[in-house]
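In structure tokens below, several structures.
Both of the next two complexes hold subunit A, though its partner changes from subunit B to subunit C.
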Partner chain A sequence: MKSILAALALTTALTMPGLAMARQVTLTTELNRYGGDGAYLAFYVTNASGAYVGSLWMAGSKSKYYEHMSDWYRATGGSRSEVSGVTGASVGAGRTLEITVDLADAIFDAGYALHIDAAVEDMRESPSEIVVPLTTSGAGAAVAGRRYIARFSYSM
Partner chain B sequence: MIRVVHRWPGLLAMVLLVLLALSGAALSVFPALERLAAPQAATSQSVADLATLIAAQYPGVEQIRRAPSGRITAYWFDAGTPGAAVIAPATGEAVASADPGRVERWLTTLHRSLFLDDTGRMVAAAGAAAMLVLALSGMALVARRMGGWRRWFAPLRGPLAGRWHVTVARLAVAGLILSSMTALWMTASTFDLLPDGATRPDQPAAVSGRTGFALAGMDILRATPVSDLRVLSFPYAGDATDVFTLATTGGTGLIDQGNGQVLSWASPTVWQRLSETIYMLHTGQGASVLGLVLGLMALGVPVLALTGPVMWAAARRGRPGLRGNAPAGRAATVILVGSEGGSTWGFARTLALALRAAGQSVHVAPMTGFDPRRYGAADRFILLAATYGDGDAPASAKGFLDRLASLAQAPAAPLAVLGFGDRSFPAFCAYAEAVAAAAAARGWPSLIGYDTVDRQSPQDFARWGRALGEAMGLTLELAHQPALPATETLTLSSRRDHGAEVQAPTAILRFALPQVSLWQRLTGRGFARFQAGDLLGILPEGASLPRFYSLASGEKDGFVEVVVRKHPGGLCSGQLMALEPGQGVRAFIRRNPGFHAGRDPAPLILIGAGTGVGPLAGFVRANSRRRPVQLYFGMRHPDSDFLYRDEFSQWQAAGQLDRLVTAVSRGARPHYVQDALRAEAAQVAEAIARGARVMVCGGRDMARGVSEALAEILAPRGLTPAMLKAEGRYVEDVY
Partner chain C sequence: MNKTLTILAMTTALTTLIALSGRAETHIAPPLAQGEAVALGEGSFVVPLIQVACAVRGWGGDHDDDDEGGDDDDEGDDDDEGDDDDDAEGHAMTCAGQPATTAPPGAPSAPPANGLFGDGAAPTVVTR
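Now for the complex of A and B:
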């Protein structure tokens, strides 16, 4: 499978006050060949009680389509500022997106979960297609999505 | 100016526009296909009913959508696996796959972004902007060419490429404007340049917290017909805080899953509605018939892209370069040219050369550049002006009259105006005449009186030149050789001789049709698309000026035929009459649109004598539609110069000719064609009353006699030949 790799280093709002220690985490998302246009993907984190904490990455540049990532949209009210500086291109079917983010150590093994909402033009929305708990032991384990995401894993 | 605005976007964006138009036309088919294939909901069916049916089939249903085509799609989750299908609204059962077709998706991506994402979207939008500029400037050009907006669909003349270009353009332009404007709007919307974002209903402060209220019991779903539905999203299974989201044509609302109450509602903004309408108009989704019409119109773009450059290339070749032109500020004689096709420039060059040879300094320029302050040394102005369409300014004279009207004072140096035109058109030299009148009205002194040149006649031009020379105090012999169209060699294939016994040797000469190239066909050059009534220019050996003969055949007949009578001492007729089959002459076609039979079904009254019967016989030969035709034919003696005798009886038998009336001038009782008309006065008057068109071909004396006879015949009905002429129902080809 031909894939492109987008390696990006970025800092997000998830560096919590007083939690100075952070580590680099690489998120690898491989899409399956769902037979549609490029997918919009929203990467964000919720806490132990399921509340939205912050966004890591938005693949897809046109904010008018953000409403189709409906869980993310519901949590953020579609606010562009939530993803300001952490947006990139949408991801084509069959392609792989690789991003690197700095995450606070305290995020891990503390009930936080990483969500990915996916949406494709003229196809069904797929909110929270991926929901994985962020744990040190879960790093490197691949998780399959419901519809658009063939495989997702994070590694430290 | 408009022409420039039309030309460059057209040439630069040609390939892009063809690509966008073809992909757009192909895409226009899909909404109609979807409309036909989609099972439609009954008008009385409510969203509550539909949702209940689907939920029974697919308990894990998450979303129900209705496309503008009426197609219902359901998305569900079944044991952790997502599913989707097109649903029959009557049963709630799946009938087809829900994924969009590969071809449609490929075409859509090509059409809107050329597979280049945002860069491609901008390129495509630039293409739409170019299309809009082309459509608007093209409309102005068509209106100018046709002689006004009211003559938008008037018949066209000229080379094939030009006729196709205008014919297709005036049919398609409305669709092209709509498609390009909506495309620009949609691009602006995609790039978030418009405040047309979706409005969201407010999040409810609290929900009932209960689940499981029956779909069939929800008032809002019961009150919404399926035809108004856009999307119904179900709450997450097991999440009591979640809600139903209903989007309809009237807005979006949140519904409590525990009691069916509407928690909040948001209506679309005006911008949003406008964008939705524009999306529908552009894609045909929800307006599939309009979509098909727009797609058809888009198919005109490749035709326009092919014919436009051909027209441009043909016009470019028409304008000769100007060598030895004196600067505007130092020339004693300023020649201003108003030309459309380029032939008037040729006359200007001949005049400039002759004046320079006589020691004058001459500046030649288009009339559009007229500005008296630039011509400080001018002793005289000479305007050579053609006419465009129905009396309009030709291309290189646009704006001249306005500029003249805006001058504080007309120039003091005197002016001569010479008009170029074709007397077979009703608006003969109308523009030059208007210029001369306007100049006189402004008090511009006259050098010599206004004059005209008919059909590029070198004799008319030379005569005018002598008058000009006299006024300037020099001898001016203008030997203009109109740039001859490229001649081809015609080979005589057969000849039929008549009239020797009556001292009028006449022959029907039939030549083989030369090969016509595609380029000639497109640009209307060579022997492409001529018809009976057009002129065959023959360049006799040892002469530089052609002689013209009316054609008795059209290209469809597969041969070139003329009728020639030997004139004592005539160079050209002498050579033609000596021609034997297999021998050739140099010849070319000149259009004579004023003397075509036309395609309308009105009756024809054809009147001719001697060789003048040639084109009339051609009209009858081409009359396969059996339009009513009466032919009045004057000859000397039926045994000697009854041209086309056998053909006429065949054509009568075939119904192509209703009546043939002959008049014989030699014999005990000389009888001319005008006498035959008088004898048939009732028939003639009756046909004219029914809208018949009179076409006369022959000598000048005969034409005068015919006109007098017709005047007598028409008088009781309150009509005159002049009135018929004004309506284009009485035309002459006289020599």
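Now for the complex of A and C:
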């Protein structure tokens, strides 16, 4: 009986920290009715120094267009490995994209910022259209974009 | 005493299991029609090879008008980015002189190990 209890305690102790080190975050991006084709959106994170850390999502699957998300492209060289497994369809004008993802606790309240680069065929590029600090207090606050993005918010 | 410990242990174990199963459910990828997502993860290595050949062609927009030379096949093909749900259906992509290839339908796979993702599970994506 004691060994069972010990095993249970051990598995619980091993499991609980894993649950506590990440949080589920929903990124909601609502696009304007800008009257163009589907928008490519690159979601990525920079650290307190402004250096690129990694990508969270790429909306738009054709890599030949990635260069038009110019800030993201400058940081990554357009490497597909940066968005491997986190790539989906482009987002139509007027539509809303919701991405739910488990993010490491360490990137909140530590100077990290979420950027969204946007680009639309035959229209202007919009690098870093959204830049929001990743903070627990900033959750739920909507931020307006400059060109294609009507508003963006994250919740957790 | 032993009984109390047993109840405590069982409760903890059940709570852990419920928490874990709840987390697993949140990562179940939506069906293609709902999520409109196309996986480009492992197994899609053919696509980049084709797209490298296409990459010499510009998209358009203000900065690269020179690329848009007005040639007959420039961006005018059937799979052009023109419709809102382009890419979402995983249909054939073509470019001049290249055979069509199709991105495999499905859901996002494991994210890159860049330290941002907590548990390595694929994001869940919905477009509405």
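Basically, the second predicted complex is superposed on the first by the 136 of 156 C-alpha atoms of A that agree within 3 Å, B and C clash if a C-alpha of one lies under 4 Å from a C-alpha of the other, contacts with A are read in each partner's own complex, and residues count from 1 in each chain.
Note that in this section a contact is a pair of C-beta atoms (placed from the backbone, for glycine too) under 8 Å apart; a residue touches a chain by one contact, two chains touch by 3 or more.
All values reported here derive from a predicted model rather than from experimental measurement.
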First (subunit B), second (subunit C), both or neither: which does A:D37 touch? both
Give one of first, second, both or neither to describe whether A:D109 is in contact with subunit B, with subunit C, with both, or with none. neither
With the two structures laid over each other on chain A, which partner does A:S55 touch: subunit B (first), subunit C (second), both, or neither? second
Given the superposition on chain A, which partner contacts more residues in subunit A: subunit B or subunit C? C
Which of the two partners, first being subunit B and second being subunit C, lies in contact with A:G85: first, second, both, or neither? second
Partner chain(s) touched by A:K64 [first = subunit B, second = subunit C, both, neither]: both
For A:R124, decide between first (touching subunit B), second (touching subunit C), both and neither. both
Quick one: is A:V45 in contact with subunit B, with subunit C, with both, or with neither? Answer first, second, both or neither. second
Subunit B and subunit C footprints on subunit A, overlapping residues: 37-38, 61-64, 89, 122-125
Please output the residues of subunit A touching subunit C within their complex, sorted ascending. 1, 4-5, 8-9, 11-12, 15-16, 18-19, 21-24, 37-38, 45, 53-57, 60-65, 68, 80-93, 95-107, 119-125
Of all residues in subunit C, which touch subunit A in the complex? 2, 5-6, 9-10, 12-13, 16, 19-20, 23, 26-27, 35-42, 48, 51, 54-55, 57, 59-63, 75, 80-88, 93, 95, 103, 108-112, 114-119, 121-128
List the residues on subunit A that touch subunit B in their complex, please. 35-38, 61-64, 67, 70, 74, 78, 89, 122-126, 146-147
In the complex, go through subunit B and note every residue touching subunit A. 62-63, 75, 77, 80-82, 84, 98-100, 102, 105, 109, 117-118, 189-192, 197-198, 200, 203, 233
